[in-house]
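The structures considered in this document are given below.
Heads up, the next two complexes both have subunit A, just with different partners, subunit B and then subunit C.
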Partner chain A sequence: MISMIPLVPILPLVGALIIGLFGKRIQATIGEFATGVLGCAMPGLAALISFGSFFELIARPATDRIIVSHLAPWVSVADFQVEWAFRYDPLSAMMLMIITGIGTLIHVYSMGYMHEDPSYWRFFSYINLFLGAMLLLVLGDNLLIMFLGWEGVGLCSYLLIGFWFNNPDYAYAGRKAFIVNRIGDLGFLTGMFTLILFSAANFEVVTLSFGELQGRMDTLAQYTLWGFPVLEVAAFCFFVGAIGKSAQIPLYVWLPDAMAGPTPVSALIHAATMVTAGVYMIARMYFMYSLAHFTLEFIAIIAALTCFFSATIGMAQFDIKKVLAYSTVSQLGYMFLAMGVGAYSAGTFHLLTHAAFKAALFMGSGSVIIAMHHEQDMRKMGGLLKKMPITGWAFIFATLAIMGFPGTSGFFSKDEILEKAFEESVWLWLVGFIVAGMTSFYMWRAVFMTFFGEFKGDHHTWEHCHEQPKRTVVPIAILAALALSLGFLNVPDFMGGDYSFSRYLSPVVKNLEEAQVHGMPDSIDGEQHAPVHAEEHGDLLIEVGLMVGSVTWTLLTAFLAYYLYLVNPKAREALMSRAGPQAVFKVLNNKYYVDEFYDLVVVGPLKKCYAFMGDFDKYVVDGAVNLAGYVGRGLGILAGFLDQHIVDGAVNEVAWASQTTGKGFSLLQSGRIQALVGATLVFFAAVLTVWIVYL
Partner chain B sequence: MFNTLPHLAHLPAHLVLSLGLLFFFLGKTIPGIKKLPATAIFIAMLALAAALEASETGSHDLFFGMVQTDSFSRLYNQLYFIVSALVVVMLHFSDEMDRENDWENYGLLSCLILGMMFMTSASHLLMAVIAIEMVSIPSYLLVALNRKNPASKEASMKYILFGSFATGVMLYGMSFLFGMTGSLTFADIWNGLGSESVGTPIYYLAIGFTLAGMSFKVAAVPFHFWCPDAYQAAPTPITAFLSVAPKVAGLTLMMRFFADHLPVQGDSLTQMLSIVAIVTMVVGSFAALKQTDIKRLLAYSSIAHAGFLMMGVAVLNTDGRQAVFFYIPIYILMNLGAFMAIIYLAQDHDYKISAFNGAVKSNPLLVTAFAVCTLSLAGIPPFAGFVGKFYLFKVAMEKGLYPMILAAGISTVVSLYFYVSLLKVMIIDQEARTFSPLGSKVPVVFVSLCALPLVFLGLYWVPLVNWADKVRLFQ
Partner chain C sequence: MSLSLVLAISAGLFALGTMMFVVKKNLIAILMGVELLMNAAALNFMGFSYYSPAKGHPLDGQVFALFVILIAAAEAVVALGIAIAVYKEFGHVSADKLSQLEG
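== the complex of A and B ==
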């Protein structure tokens, strides 16, 4: 199966091509269902290969789990060598399973969700293309292929956010996502160029392959660029790329707007896969980040801020998808927090669990939205659990996971991050701890507003509201089950587990502390044990204490939501009627006015700049072109003058020939050819003169 | 007694073309043969020649150092066959000329191809002159193929006069060279010129005059004036052919002529050639700005491209030869694709740019493929034209020819303007007239088959680089 890994990205790309070229015809002749089945077939096959390969991979010894397949040379200019190569190792194997597994489920879900959309085929073509690009990003053995995928997913995200482009707001959201991502991409490129620059100075051959780069880190670490260590600069630039793609402060603004796209897109791209690309990138290049401590600190701070602010915004939203969007930004903050404190495996593990529970939440919300006839405002919902039991319970289970209820996946992954943050700094932990409570609050708030209490919409909608078909709810149920169970992959040692997930990742990703203990991170020894943990009694106490503390805190906020939104809404109304809370709520509801601030500070001046450049073009550039025209005309007049007075004699031969050779020649507009030959002579003489005089 | 047979054995493709030439000129007079399908026979002949050419190996010095066959000539010859085959397809689907003249047309083309092959193989100035004339004379006739169009005849006449003028200048320069060195073989000329004459006026005059004939074929400034008129008046498939094949043949002759120069002569020659290259690309791209006829515009674009290709010639090294060869298949695809598209979009042979307004509405696929060809001509990634230009820029950069790179950069930017305004006319402007639907699918397929490799090669060009590796040395 492992030998078939290159097919994994190719299959969805082929699917995208087929559906893109012939989908319209297939949909028109054979029908919508066939288009959907075709759209699901390729991701399904890719998922089959990914899972098959995974079991083959874990059957191998731990030292032999990195498989690089070299397919073909790509760019080969002098000493710059980049090839088409895929890297299959525990990290990419995990990502492949997330992408193809959740991807396939979401494809199946989309068959129901996109039902009766006239552009059904276009949707499946785009989303197949997205899967192909994402798989390319993950599998690429070098930065250039990763960048190819990076750009590819950006493009698909743009296409899918603006999928219903007839609505100008949606089209605007697509453009916003694209442009904001572009800013991040500049960072990614700059990072890549930095590495190329210093590789070229030190090594025979410049490559961007991860294996080679890892071995070169020691050498590169000795250099500085403008007074900063090179690796810090490169790591920082790559992180700017991640800020854009993974929606961190200050570039997170596109993600909430991206909810304009169809809900399956939000679930797949803007929750489970694409937005986690930044986390994956850091895990993939952990060897560089482990040598860049300032950047790591910066990442941790940015992550903590993002985590906190987006969670506060999430508490004050009424659009169910907006709540989930801000929750995604906040959860991404958790992942980067883990990365920032050097706990790469913890961040990656949260990526895995988050993919499951957030996809389930999004798909659940999609199901609700369809049932409510595209109503997204939670204030018009309520009591839906009776009407949609499967969706409702799946949503509740996923909410248990995201709040970190003991035993669920979020419990293990979030708890590990908080523990690692605590080891690094109490302040980082405190932020993460507070946010855990807020998460629990806003998620239960969403659950209570949507599924419990009285229905607050109109009678007609309530009558028509019903559970969705099987192809929609079964994927949600599967994901909810995963959200509950995935946590057992990485049970901490003090609870009788052995951190099996971290150990699984350890051949390719080593946490900061291990790297320092074991020297250079590239030393892969087969005897790699579980992450080194302090075994002292005091630490155990702290760990258990942290865990009990956060569980209590999240349950507390959950009950607060229960009290305010279900038991005693009057108390909430009384609270909100006071001036102070009302003002706070207004600021949060308006997302701290960040969009308005950006419009004022960035977009406005840029527009002025465009206007200036337009004028510049009109008056200066056009003027220069006109000037060139005048110069040309002047030269023409000069050549004509020379022709008339000097060259005519030289071309009399030609003239004589044309006069004597009969009627056919009279067709020549007399003089034209002489002028041409004359001009040639003048020109030629000029060139010869330049040669003789100046060379 | 000199035995010619062993020499001829190394020129199998030339023999095939010669027999084809006889066949197409004489065959028509023999009653039964006339009924045979001329197009199929011609294409089969080209395929046979290409196969023979591909099977040859080694470097051979033939006919007392007049002709040399080697990896360089064989690779270029194969390109000529490919271009010719493509142009035959275009001729077949163009309505600009009479079908009954196929026999003569193919005869002329055979002669022209033969001439180009000799231009690429010539290692002696006399052979070079004969080869250039073998290309020129059929070209004059091909421009006038459309006998009912007086403008064609006039353009052909201008072309003849201009060609005779260029040949005259070239012969004059050759007489200088012969006078100075006593030889007409390329290697002997450079040895004979030695180091003493470098920099003297007569050195520049002799080489410059000799270069005139080659520049005429390449349509390099100042020998480019014939180009717009001839291109505008000729039937469009012939324009497409002339804008590619003889130009390439002229470049190969230049490369072989300059290849044997002594190290001491290198700098002066590079400077001479880079001045020609600079002037050519700047004139070509600026003159194209104000054109209103699409064929004239493409004529100037081909002049500018000749300038770009001259960059690779001017560096006078193996990398330069590779870069030039690398660009040529790409150039063939994008130019022929663009010409084929406009043949089918034009109505009643009206090639005014304004006649193409809004063509995308009625022919979306054709215009899309045309856009790929055009953007590739402009050198926009990810199309192959960008990679080709990149390699040309790279060799110039490595040689340190910064003024030339600057000029090339300016020309690229300027040319982008007129290529894109062409696309704007077709895609954004409102439809001015109704376009009749295409009679056959072949043009769309043809242009798409030109456009697809451009996209592919733009992303993955390794095979082409490896193929081009063979022209680095004359072996």
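== the complex of A and C ==
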């Protein structure tokens, strides 16, 4: 199965091509269902290969789990040699399973969600293309292929956010996502160029492959660029890329707007896979980040801020998808927090669990939205659990996971992050801790507003509201089950586990503390290091204390949501009627006016700048051009006069001369054949005479 | 008979042919002149071949004479065809009046 790994990204790309070229005809002639099945087939096959390969991978010895398949040369310019190569190792195997597994479930779900959409085929073509690009990003063995995938997912994100482009707002959201991501991509490119520059200066050949980069880190670490260590500069630039792609402050603004796309897109691209590309990138390049301590600190601070601010915004949103969007930003902040404190495996594990529960939440919300006839406002919902039991319970289980209820996946992953943050700095932990409570609050608020209490919409909608078909609810149920159970992959040692997930990742991703203890690993497939031991057993008390603390705190805020939104809404209304809370709510509901701020500070001046440049163009540049035009025209008239009377005169004289000569010579051609023959004879006789007489 | 006599007859024929070619106005007569020219040439071949044959190839001149007769026949066909075509086009075969190629 492992030898078939190159097929994994190729299959969805082929699917995208087929559906893109023939999908419209297939949908028109055979029907919508066939298009959907075709769309699900390729991701399904890719998922089969991914899972099969995974079991083959874990059967191998831990030192032999990196398989690089070299396919073909790509860029070959002097000593810059980049090839098409895929890297299959524990990290990419995990990402592959997330992408193809959740991807396939979401494809099946989409068959129900996109039902009766005229552009059904276009949707499946785009989302297949997205899967292909994302798999390239994850499987690429060098930075260039990763960048190719990075751009590919950005493109598909743009296409899918603006999927219903007839609505100008949606099209605008697509453009916004694309342009904001572009800023981040510039960072990624700059980082790549920095590495190429210093790698080429020191070594014969630059291939940009991760194995090669890792071996060169020690050399690159000795250089500085503009007074900063090269690795800090490169790591920072790459992180700028991650800020854009993974929606961190200050570039997070595109993600909430991205909810304009169809809900399966939000679940797959803007929750489970694409937005986690930044986290994956840092895990993939952990060897660089481990040597860039300032950048790591910067990441941790940005992550903590993102985590906090987006959670506060999430508490004051009424659109169910917006709540989930801000929750995603906040959870991504958690992941980067783990990355920032050097706990790469914890961040990656949260990536995995978050993919499961957030996809389940988004798909649940999508199911609700369809049942409510595209109503997204939670103030018009309520009591839907009775109508949609499967969706409702799946949503509730996923909410349990995201709040970190003991035993669920979020419990293990979030707790590990908080614990690692605590070891690094109490302040980082405090932010994470507070946000955990806020997460619990806004998620239960969403649950209570949507699935419990009285229905607040109109009677007609209530009558028509019903559970969705199987192909919609079964994927949600599967994901909810995963959200509950995935956590047991990484049970901490003080709870009787052995951090199996961290150990699984350890051949390719080593946490900061571990790397410091063992020194930088020389080669990526060196001997396996000991499993991650967070702390000695003396800290057991702290670990358990932190855990109990966060569980209590999240339960408390969950109860607060229960009280304010279900038991006693009067108390909430009384609270909200006061001026202070109202003002706070208004700021939060308007997302701290960040969009307005960007409009004022960035977009406005840019527009003014463009207007100025437009005027400059119109009056100065165009004026100069017009002046040059008039001068040229004057010169042209003069030249024309000269041409007509002097140059043409000469030419005409020459022509007349040749014509006259030609006429003279033409008289020789009498056309009388006998005259010609006579002349020939006379000439011949003359030549003969001369020859006889003189020779 | 000697070679010089044969050459003299041949030169006479050639002169007659040339005169006919240059002086006669009728295309047919001009063609007849051309025939005389070719026969003069053939007679030359015959004379040289007969009186001073090439070593090892004594019949070369005779064979050339046969070729000349053959070519003369072919040429007469083409030339008469042209003459008939000219007559159909212009209604006459007078070389003097056929001066369309005049410059």
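Throughout what follows, the second predicted complex is superposed on the first by the 595 of 695 C-alpha atoms of A that agree within 3 Å, B and C clash if a C-alpha of one lies under 4 Å from a C-alpha of the other, contacts with A are read in each partner's own complex, and residues count from 1 in each chain.
Methods note: a residue touches a chain if its C-beta (ideal position, glycine included) is under 8 Å from a C-beta of that chain, and two chains touch if they have at least 3 such contacts.
On a predicted model such as this, the values are computed, not experimentally measured, just so you know.
K.L.:
Give one of first, second, both or neither to describe whether A:695 is in contact with subunit B, with subunit C, with both, or with none.
P.N.:
After superposing on A, A:695 lies in contact with subunit B but is clear of subunit C.
K.L.:
Touching A:72 in the superposition: subunit B (first), subunit C (second), both, neither?
P.N.:
first
K.L.:
Residues of subunit A touched by subunit B versus by subunit C: which partner has the larger set?
P.N.:
B
K.L.:
Counting only touches as set out at the top, which of subunit B and subunit C does A:603 meet: first, second, both, neither?
P.N.:
Once the two structures are laid over each other on A, A:603 reaches no partner at all.
K.L.:
Under the stated touch criterion, which partner chain does A:684 make contact with: subunit B (first), subunit C (second), both, or neither?
P.N.:
After superposition on chain A, A:684 lies in contact with subunit B alone.
K.L.:
Mind working out whether A:673 is in touch with subunit B, subunit C, both or neither, as first, second, both or neither?
P.N.:
Both: A:673 reaches subunit B and subunit C.
K.L.:
First (subunit B), second (subunit C), both or neither: which does A:624 touch?
P.N.:
Neither subunit B nor subunit C is touched by A:624.
K.L.:
Pick out the shared contact residues on subunit A: the ones touching subunit B in one complex and subunit C in the other.
P.N.:
Residues common to the subunit A contacts of subunit C and of subunit B are 665, 667-669, 672-673, 677, listed in rising order.
K.L.:
Which stretch or stretches of subunit C touch subunit A in the complex?
P.N.:
Touching subunit A: residues 18, 21-23, 30, 95-96, 98-103 of subunit C.
K.L.:
Quick check: in the complex, which residue numbers of subunit B touch subunit A?
P.N.:
Subunit B reaches subunit A through residues 150, 153-154, 157-158, 161-162, 165, 169, 199, 201, 204-205, 208, 212, 221-223, 225-226, 268, 271-272, 275-276, 279, 286, 289-290, 394, 460, 462, 465.
K.L.:
Which of the residues in subunit A come into contact with subunit B in the complex?
P.N.:
72-74, 76-77, 625, 628-629, 632, 654, 657-658, 664-665, 667-669, 672-673, 676-677, 679-680, 682-684, 686-688, 690-692, 695
K.L.:
Give every residue of subunit A touching subunit C within the complex, in rising order.
P.N.:
665-674, 677-678, 681
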